[in-house]
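Each in structure tokens, the structures are laid out below.
Look for chain A in each of the two complexes below; its partner is chain B in the first and chain C in the second.
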Partner chain A sequence: MRRHIPATACGIGLVFLAAFPLVYGASDYDYIMHLWITAFFYAILASSWSLLAGYAGQFSFGHMAFMALGAYTTGLFNNYFYLTSAATGTCFEIPLGSWYFVVLDPIGVSASPYSCLDAARDAWTVDVTITKPSLWFGILFGILVGGLFGWLIGRLVLRLRAAYLALFTLGFSEILRAILSAEIGVTRGQAGLELDPLFPDGVSILGASFDATDKLPTYYVMFALLLACIALMMRLERSRFGLFVRSLREDEDAAAALGVHTVRYKLYTFVVTSMIAAAAGAVQAHYIGIITPNILIILQMALVVAMAVVGGLESIVAAAVGGVVVYFLLEFLRNDFTIGAVSIDMTIWRLVFFGAIVMLTLRFQRNGLLYAFIMWCTRAGVAQETVAKRAAAQQPPGKE
Partner chain B sequence: MEHSIIFWPVVLWMIAWGVVGSVVTPRVFLRRDMDISNASLAGAFVGAASGPFGLAPLWYLAPKSTRGWVLLSAAGALAILIAAFALADPDNVCVTNGSLVASQVANGLVMGTIYALMAMGLTLIFSILRVVNFAHGEFYMVGGMSVYYVSAVWLPEMPPAAAVLVACGITFVIGGAFERLFLTPMYDGRVERPIEYAVLVTFGLVFFLQYFVQALAGASPVKAQRFFDFPIIRLPSAEDPWLIKTSKANLQLFDTVSVSNPRFTAAVISVLVLLGLLFFLYRTWWGKALRAVSQDRQAAAVAGIDPNKMNMLAFALGGMLAGLSGAVLVQAFSWVPQVGMLPALRSFVIVVLGGLGSLPGAFIGGIIVGMVEAAGTGCIPDPQRAASYIPAYGMLILTLTLLLKPTGLFGRRE
Partner chain C sequence: MIDLHVNGVHKHFGGLHALKGVTFRVEGAELIGLIGPNGAGKTTLTNVLDGAIKPSTGTVYLNGARIDHLPPYLVAKAGIGRTFQVTRAFRRMTVLENLYVPALALNPGKSRKHFHAQAMEILEFLTIDHLRNEYGRALSGGQQKLLELGRLLMLDPDIVILDEPFAGVHPRLMEVMYRYIHRVNEAGKAIILISHQMESIFTLCRRLLVLNYGDLIADGDPETVKSDPAVIEAYLGEEEDQSGTGTARLEAPGHA
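Then we have the complex of A and B:
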């Protein structure tokens, strides 16, 4: 019976999550929905990091950098690219049939930005339609850029192992953060780059219409993205790819000697996981509406690492569930509580407890709390079966 | 920058030929059946310094030892960079104002010494445990915080030197306790991948210590009083103190080089501690035992040294060195619980540059990084942008080192 617990729980969980926005009706609806969307975001990051670190053994601390690459690519795309029906004459532009593809000049952080498009707008005497290209192209573009950089970084770290790899990727992440916060002219630095919401003109699903600030469409987008990523990774994990990648983790030289193309599979892993991270970052950036270089500080990375560790580093689903659970715990532990005369301000102490939990999990239950439970369930009865089989085999035939 | 048309093409030219050199040279050497461990480094430097004019003879001659080539072309590349910068930006303060340059160099040396102290802790830990302590910056932060709390809040009468000792004690104990509680399962094969386990568990310690201190001390910046005031010295005479001129908070040498009191004190303490550390490592039984374990664990065990005990000592000592550099710097910078991040990254850079596990490497690397940061912050036009890029300078060094010579300047091959 125990064996069916994880699968059943997954099924119930999926149905629950799919129905949740439709049936939940309390007054804190928006807040709870926000929590779910962000939890999905972290779940995607944690599970893809578990593929990279837990399966392939590449302990990269640059995962948030790929996320930020996705977010900033789509952010810049959203801010700098326009389509107009007449030539501006002031901007850099490429004619596309009857339309012009316009690239704005860097706006910087001035209080009243006056771009070349504004200049053109003042100069035009006729009615000109100005639109933005669909932001989904931006997101797609972000995913591609994430994959490209994943390939590049994967290529550079081929020779590096363990601690060196961790340091190198941390360095990459810090350099990216420095660039994003220093090139104020383009990225607006700490002032933050603003993005359109995911559905700027609202959306109508099955007759019900939602406007740009409603959370339900975003919820389903993020949920679908999470399911798609997990499905993709599970498929990879069950295939030869998963086997090869695990052999890389256990012993790279032995794997190479047995004919595994180690370079190719390492690169695959980097590209796939960074594309997933970039996708999560791009969608989340449009949902939040503003991005700053602080999305890739080391503590954000530590949060993702912690989620994967608490869930289970060597299981994609466990890491994803760990992400959701940890995020909700952190959010709900914000309430202060009082024991006798001592009142504890949980907004600060929750992170202390959390750090302790991460260290203790690593120390005493290395495969993660959730993964241990899954194993306990799926391996129920295995011992008895083995004993029974062995006993049957030892029964000398024809003795009676 | 005035004539950036000079500077950037030169830089691009150097980068392009450096890449060509670093990619092609190992192949050329490999074809001739030679050792390629230093080939990409030599190719990169020779290419950057002299382009095709140096690379062609390098490939043709294919010298067995490339050490001379590397040193010469490193100096050449640096000279070309400086010359290009000076030509491109003749009005820059670093070009026009010699005394500023002297001050920057002095400050680079002073800060480099303190960085080296902290990096030595990291490299000490690595040489014994083969573990990169990602929580090194947190030890630095705890060291500074303890000095502030002991000397300014709890016991205002306490002399600063005693507060520094208390900080050393606290970080030493934290380091030792952490090692006993969390790193012991690495040693006996209970962990499948010990290095990765250590990376993760020290990462957890970052989270824990940072927020623990924030919960206790709050997030507002604190700063300790300076430990000592300079005595007023005017040499050779009070009217014309061109040799040494001190005020309470500042020291001026030769009318040009000026170093502020907190930094000067910190550097002097760092040098003393470095000397003490060398004495400990080379003249005492415990220090010799530590070095023995770092050279050959099993042989040391055979000779009667308990390697597990040395693990604990190394981690505690390494943490203490980080705590000490925090303790001497808390009088120079303001302190928040997140203050450890930059110094930790800088220490990683230094130890990788010097070679993980090498003590002299950590010292030289510290000086180099101190100088690069001084040049980077002082000379680059547009100060705001220069300040934003501070972490990137070091990370650039780290990236280049890992790509060209992963063992660092003085590293041993594993």
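Then we have the complex of A and C:
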């Protein structure tokens, strides 16, 4: 009976989350929807990091860098690439049938830059159609770039373990942040790169129209992305892939001696988790509308680690729930409260309380709060089975 | 027929010459003891055989194919399986999952279900079937050693290298290990047994290889090896040998 609790809870949770935007009607609708969308974003990051660190034992601190790669790739795609029906003669361009794929010059940080496309527009004497490629191509491109860098970093860290791996990936993340900050002409640095919303022209769902700023369509996009990522990772976890990556986490040499191609499965893990992080970053970037190099500061990475640890590092679902719970907890901790004559200003103390919760979890429930519960449910019969079988084996023959 | 040919294998670690031109051949289902004092190079030789380290010079052929340049996972697939001196059960995986790892690694198209019956038969044989759903970490040290042996049965290699399987194991579990060794050997597999327990070595093995400071100083049947002066000296030193106690440490059980 106990065994079915996690699946039942997941089912109820899914129905609740699927129905929430349709039934919630309070005045803070937009704020609550924003919290859910961002919580889903962190849930994707925490669960994919749990696959990388909890299952495969690769304690990478570069996960947010892959997220940022996805975000910046789609951001650059969204800002620099256009399709025109005539040659510009001023921009770098590639003919594509009757169209031209145009790449703008670096946009810099001036408020209204005069681009090569603007120059072409002034020079054209006939009507020319100018359009942006669908931003979904940018998102797809971001996912591929995330996977490519995941493969590259995976290759570089093949022989690194534990603290060395963590430091290496942290170094990669910091280098990327420095490049994004320094290349102001291209990325606009700390001024931030602006992106179109996910549905710039609005969208119609089942007869209801939503404009570009409505949160409901983005909620379902991020929710669907979360479910797709979890479904993919759970499928992988239950396949030979899951068995092999866990074996290499336990003992790489022993796994190799038993015929496991450890290099291949390490790389697979890096590529898959990097692509998932990049996907989350790309979608979130379009939702927020602006990205800066601060999205990959070490504090953000620490937050994702804390989410996975509080939920449960060795369970994809537990880590995802940890992401949602911790994000909402951080928001809840914004509320000031009073104990007797003492008034607590949570704008100052919020992170102190949060840090204390993480420390208490690590001290008393190292495997995470939710993972322990899942284990309690799913492994309920194992100890009894072991004892019963041993008792039966020790019983004298003929005695029932 | 199984044919392992180790030819002139040297291994240098910086200034340390760990293996000095080791040459021997294993033909058929032999049961070989590999002995030597601590630091003799037994584990280094094992690591060379399973591909964990590459020899500085020399070659290793298994059934006519050169394997000394292959990574460990391909050596395992080629037909060499090993256990480790310090037990390396996958501690956060169940006993059954431990057994599925080599089975699935060797058989890409098959699922766990396909190997369940075989895994259960092996666990029953090893007397740890009641622990099948327990995590590796819940097993005692001896049971973890049995689990490692079970994984090798799933791998089913031509040559099984057992590195100190009897160290710290209860006598009842040692009986299981003895039965395991006979089962594997009778199935036509060669076994290289590394152990400091001379009683077990002399009971089980029909051929001994003796390493000392990286040199293979003896290769022959136990009776010949135990009376070899170089072996006695390697184990006990020249002075003790001259005192007449040397052979006693290398006597077969019942003959001491």
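Assume the second predicted complex is superposed on the first by the 377 of 400 C-alpha atoms of A that agree within 3 Å, B and C clash if a C-alpha of one lies under 4 Å from a C-alpha of the other, contacts with A are read in each partner's own complex, and residues count from 1 in each chain.
By our rule, contacts are C-beta pairs under 8 Å (C-beta built on N, C-alpha and C of every residue); 3 or more make two chains touch, one makes a residue touch a chain.
Quick caveat: nothing in here was measured; it's all calculated off a predicted structure.
Engineer: Would you sort A:Arg366 into first (chain B), second (chain C), both or neither based on which partner it touches?
Structural biologist: After superposing on A, A:Arg366 lies in contact with chain B but is clear of chain C.
Engineer: Could you look at A:Leu299 and tell me whether it touches chain B, chain C, both or neither (first, second, both, neither)?
Structural biologist: In the superposed model, A:Leu299 contacts chain B only, not chain C.
Engineer: With the two complexes superposed on chain A, say which partner A:Trp349 touches: chain B (first), chain C (second), both, or neither.
Structural biologist: first
Engineer: After superposition on the shared chain, which partner residues are touched by A:Lys389: those of chain B (first), chain C (second), both, or neither?
Structural biologist: In the superposition, A:Lys389 touches chain C alone.
Engineer: Taking the superposition as given, does A:Ala166 touch the first partner, chain B, the second, chain C, both, or neither?
Structural biologist: In the superposition, A:Ala166 touches chain B alone.
Engineer: On the A-aligned overlay, A:Ile290 touches which partner chain: chain B = first, chain C = second, or both, or neither?
Structural biologist: neither
Engineer: In this superposition, which partner touches a larger number of chain A residues, chain B or chain C?
Structural biologist: When the residues of chain A touched by each partner are counted, B comes out ahead.
Engineer: Just to be sure I read the superposition right, which of the two partners does A:Ala257 touch: chain B = first, chain C = second, or both, or neither?
Structural biologist: The answer is second: A:Ala257 touches chain C but not chain B.
Engineer: Looking at A:Arg246, would you say it contacts chain B, chain C, both, or neither? Reply first, second, both or neither.
Structural biologist: second
Engineer: So, does A:Glu314 touch the first partner chain B, the second partner chain C, both, or neither?
Structural biologist: In the superposition, A:Glu314 contacts chain C only.
Engineer: For chain A, which residues belong to both interfaces, chain B and chain C?
Structural biologist: 249
Engineer: Can you tell me which positions in chain A touch chain B when the two form their complex?
Structural biologist: The contact residues of chain A facing chain B are 53, 57, 59, 156, 159-160, 162-164, 166-168, 170-172, 174-175, 177-179, 181-182, 184, 189, 249, 298-299, 302, 305-306, 309, 345, 348-349, 351-352, 354-356, 358-359, 362-363, 366.
Engineer: Which chain C residues qualify as touching chain A in the complex?
Structural biologist: These residues of chain C touch chain A: 50-52, 71-73, 76-77, 81-82, 84, 88, 90-93, 97, 100-102, 104-106, 108, 112, 129-131, 133-134, 136, 151, 155.
Engineer: Okay, in this complex, where on chain A does chain C touch?
Structural biologist: Touching chain C: residues 240, 243-244, 246-247, 249-251, 253-263, 314, 379, 382, 385-386, 389-390, 393 of chain A.
Engineer: Write out the stretch or stretches of chain B touching chain A in their complex.
Structural biologist: Residues in contact with chain A: 126, 131-132, 134, 181-182, 185, 191, 193, 195-197, 199-201, 203-212, 214-215, 341, 345, 348-349, 352, 356, 385, 388-392, 395-396, 398-399, 402-403, 406.
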